[in-house]
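In the two complexes below, chain A is the common chain; its partner is chain B in one and chain C in the other.
Up next, the complex of A and B:
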């Protein structure tokens, strides 16, 4: 029989092995993308594989900074994501409150529709939506893109916030009502402060979702370009049929770097929020 | 946060959206060009040349360089009758898919008139950019070749001056297949191998759209023998695309390959030169054939700026436009008369020889290009792995031709 100290030690070792294995699985692709981004194209596919490039170079990053109009893409991305986060959060708070506090057949059906919309792949609605956006002059406009981004994040946001609101005891609002608070005072002075951690969570998560969004800006915009689509607009080098993997890797790192920083800084809020919001529906 | 602050945010967002909406719609251009070259370092110089010469103010939109993404986007633009883009750059695959769709405007009356058309390669124009109705739907932006590349160090090492015919090809491949290296290298991934199958079919004098032709079978048997009988090319290359092929060629794993482009990858790796990797004349098996490719400028039928578009297309089809593309993008002019004007170097000299000494062909593509290419690649891989016989390959290939052509 193992002594309890030995058991504790073995459990600890096992946990570390699992943690390191998971970390390796997650971090190795990131490491590989980074290494590819600083490897000259003539060494990229060498065998045996070089896990550290023989002649590291920043030329790919310099090329991207000079030639792909990164600043315009960053500005567009910030505008679209910034407005999307603000509007979607406000709308979702109101919707989540309604779904959590009121009960009717219509509301339940509406909630199911919102959840169902999460399951529809973008490509299914792409063509009719493309025609619609053109007809209403929203194609290739900031308002059009922002509306589509908002529609993309609202189902998830409403779902999370509704669960949060459900966890707030209704007695607090009843007490406020007895003290003379009207509906808006209850929302702004009672519910909203209690929802702050949840709002932080969905804002961070939605920021990541929006930054990663590829299909909407690709399909519904031409002149307005964001960071995520830049990865498909890199110059073909050599012949017209080879993919410039060194540039793709560098662009990949430029796109994922803000996400990594964001997740690193707000990791606690993200996890707390998702755990709390996911307790019960 | 007070209620007023929320209202302030909402009002600010509304005003910002209105402002942004206005700023986009205020843009005023003569023409919108959808191009894959926008991130090329010399693109702005080329655009400046075009605008100066034509007097047009051109709005440029960056097209995805990733082929699947680009195909989806272009298909949507053209099929929806979207007039926001006037001119598009299409590769051979897309030109084949769209040339009979009616989405592209005919250009023979306004741009490619007989006096200009005679300078473009006949085979390419008829195979790739002429519709069933006889309309020419594109202006080739350049001429590229699926060229024959050799490693001179290996030629010297094994005592070969040049690879002139099938016998030389086999002998050199055998001689260079030592020490874990191979004489011939290919990219036989199922969507890439199409180019090589068609090249060997051409070299053997076959017809890619007729798999009852014995020459086609001979070509496939030749490729099979390279793997199994002579062992001069590895079966592992079934997974290779051009990136892997080029790396192996650079690393000395292969002695000769077929490849597009003008060797930028080899220059970047300091392996380019007459004493190292260089372009060579195509060997003559039964014929001395070579494939040409291009990206063509096409006019969206739904365009509302057709006059400006014709002006642009006349420029790119003209001498000045071809020379500007050469100066800025190193794109070999598609027009034979302009090709003679550019400064000579080893690449331009070989391209001239290809155009004069080889049978130059456009690649055999069906309207459902990628489906056809993928199906052919799949059965080719099965044949190379002995999962089907060469005869079965030819039977299935013929059925795919009948299905897709």
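Up next, the complex of A and C:
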């Protein structure tokens, strides 16, 4: 009896050791970025690294706010992601519903096109798309960037939502139609409420995907900077190293902190989203 | 399924916005890429002439491209092997029944949710000889350790692959975990009754059951790696020399920096074809098993 209890205790300890090791590998680099961001520049370029900075300072953050226009970049990011999420969700729900509920050769081909287009990496279409965006004056504009962001998330969103619509029994809609509900009443009063959890899942995952997007703002914008492009273009401020680590760490932490909070709050929905579609952020 | 004509019209109207947006960003550009790949276009020298397959032949004489293809190959193969091996291990860890499970699963989501550029920028400094996290850690055990990781070919390549794994392994593991959870517990109980050890149960029950799952998972993961761009852009800019250039990075350099539009398009077409072949091959194998 005692022996099996001991064994249970030991496996428990073993599990915790492994779990803490994994947690350490992930969290310690993030901690290092954090303490770097609050270490005064003079102490930052020292070896060995001091993991408990003696004179913590917010000067890097203040510099970002005052001299690098951090607020503008945050606002740009929020505008682009916000509109992308709203429009892409609406457009995707419409398409997903149609793909799930109607059937014709043309529609099937259209669905396959959207799925297949996921296979085409950004870099293959990059230059012609860039020239086109310039020609129609969408280069470096909010509408242009937002269209590209929306396009980026459409295939995955449509795919996931279509699967969810497929799981709603069509008999519910037929019953509503017999009761005299018109098309819009049916969508708004029956389908959308049932889709709510699925919509939350894709919106949360798409938020992360958009926040991580780098290729689009890098090549299709110049003056408009989002957080992910801004971190690669911070000024060196006369330090002699190849990386403005004081500012990069602060900027990095500004991006990482909301992500950590977001992940902690929405852990369940994100897990569902990942497992439903295998999304790449 | 609803069938009559007016209903079908509604369906097309609903699908239209998604199709237009997707088509606008995909169809025209992909045809344009194919077309330009048969032209010699150099914006710098003002050239624009039809050259047939010349660009395609030039690819195999271009040392920079050959290096990029070589490293892309190494990057994809090594990274995928590490993903599969450690992904299964991490999935087993995430599947452990203990109090900290939810906490661990949350932490594991963080690298997935972080932008690759942030990781790349941090890694650029993290692998710095004097002030980086990696060497500082090693020096706690081997006080005289000195290495500038990113200026030597092999260590730079290793570092790039390591960061790629750091970011995406947890994500891969979560997807393996999804497969693990479908295995009914009764199977393990039956095995235990029959006297199988835990290792035997893993080798004879778990592994065969998740193998197909892993194979299918590996398709998108390999595709993403074939087209990886952010990591190299942020971490090494392709250096030292062009030794850590991935093919996607090479393409953007050709079309946006060197302005060799035709040649860059050729590389893009070849990448696209490689991805097509790879994905159909994989689907074929996965369906067969």
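We take it that the second predicted complex is superposed on the first by the 212 of 281 C-alpha atoms of A that agree within 3 Å, B and C clash if a C-alpha of one lies under 4 Å from a C-alpha of the other, contacts with A are read in each partner's own complex, and residues count from 1 in each chain.
Following the convention adopted for this analysis, contacts are C-beta pairs under 8 Å (C-beta built on N, C-alpha and C of every residue); 3 or more make two chains touch, one makes a residue touch a chain.
In this text the structure is predicted, and so the values were computed from the model without any measurement.
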Per-residue contact with chain A, leading partner among chain C and chain B: C
Touched partner set for A:126, first chain B, second chain C, both or neither: both
Which of chain B and chain C A:219 touches, first, second, both or neither: both
First (chain B), second (chain C), both or neither touched by A:245: both
Contacts of A:65 with chain B and chain C, given as first, second, both or neither: neither
Chain B versus chain C as contact partner of A:44, first or second or both or neither: both
Chain B versus chain C as contact partner of A:143, first or second or both or neither: first
First (chain B), second (chain C), both or neither touched by A:92: second
Touched partner set for A:232, first chain B, second chain C, both or neither: both
Partner chain in contact with A:190 - chain B first, chain C second, else both or neither: neither
Common interface residues of chain A - those touching chain B in one complex and chain C in the other: 44-47, 126-127, 130-131, 218-219, 229, 232, 241-243, 245
Complex interface listing, chain A residues touching chain C: 12, 15-16, 18-19, 22-23, 25-30, 32-33, 44-49, 91-92, 94-95, 97-99, 101-104, 106-107, 110, 113-114, 117, 119-132, 147-148, 150-151, 154-155, 158, 183, 208, 211-212, 214-215, 218-219, 227-229, 231-232, 241-243, 245, 248-249, 252, 255-256, 259-260, 262-264, 267, 270-271, 274-275, 278, 280-281
Footprint of chain B on chain A - complex, ascending: 40-47, 63, 66-68, 79, 83, 86-87, 90, 126-127, 130-131, 134, 137, 139-143, 146, 184, 188, 192, 218-219, 222-225, 229, 232-243, 245
Chain A contact footprint on chain C (complex, rising order): 1-3, 7-8, 10-12, 14-15, 17-19, 21-26, 28-30, 32-33, 36, 90, 93, 96, 98, 100, 102-118, 121-122, 124-126, 128, 130-131, 133, 136, 139-140, 166, 170-171, 174-175, 178, 217, 220, 223-224, 226-227, 229-230, 233-234, 248, 251-252, 255-256, 261, 264-265, 268-269, 271-272, 275-276, 279
Touching residues (chain side chain B, partner chain A) in the complex: 1-3, 6, 9-10, 13, 16-17, 20-21, 24-25, 27, 32, 34, 36-41, 59, 61-66, 69-70, 72-73, 76, 80, 82, 84-85, 91, 144, 192, 241-244, 246-248, 250-251, 259-265, 268-271, 293, 295
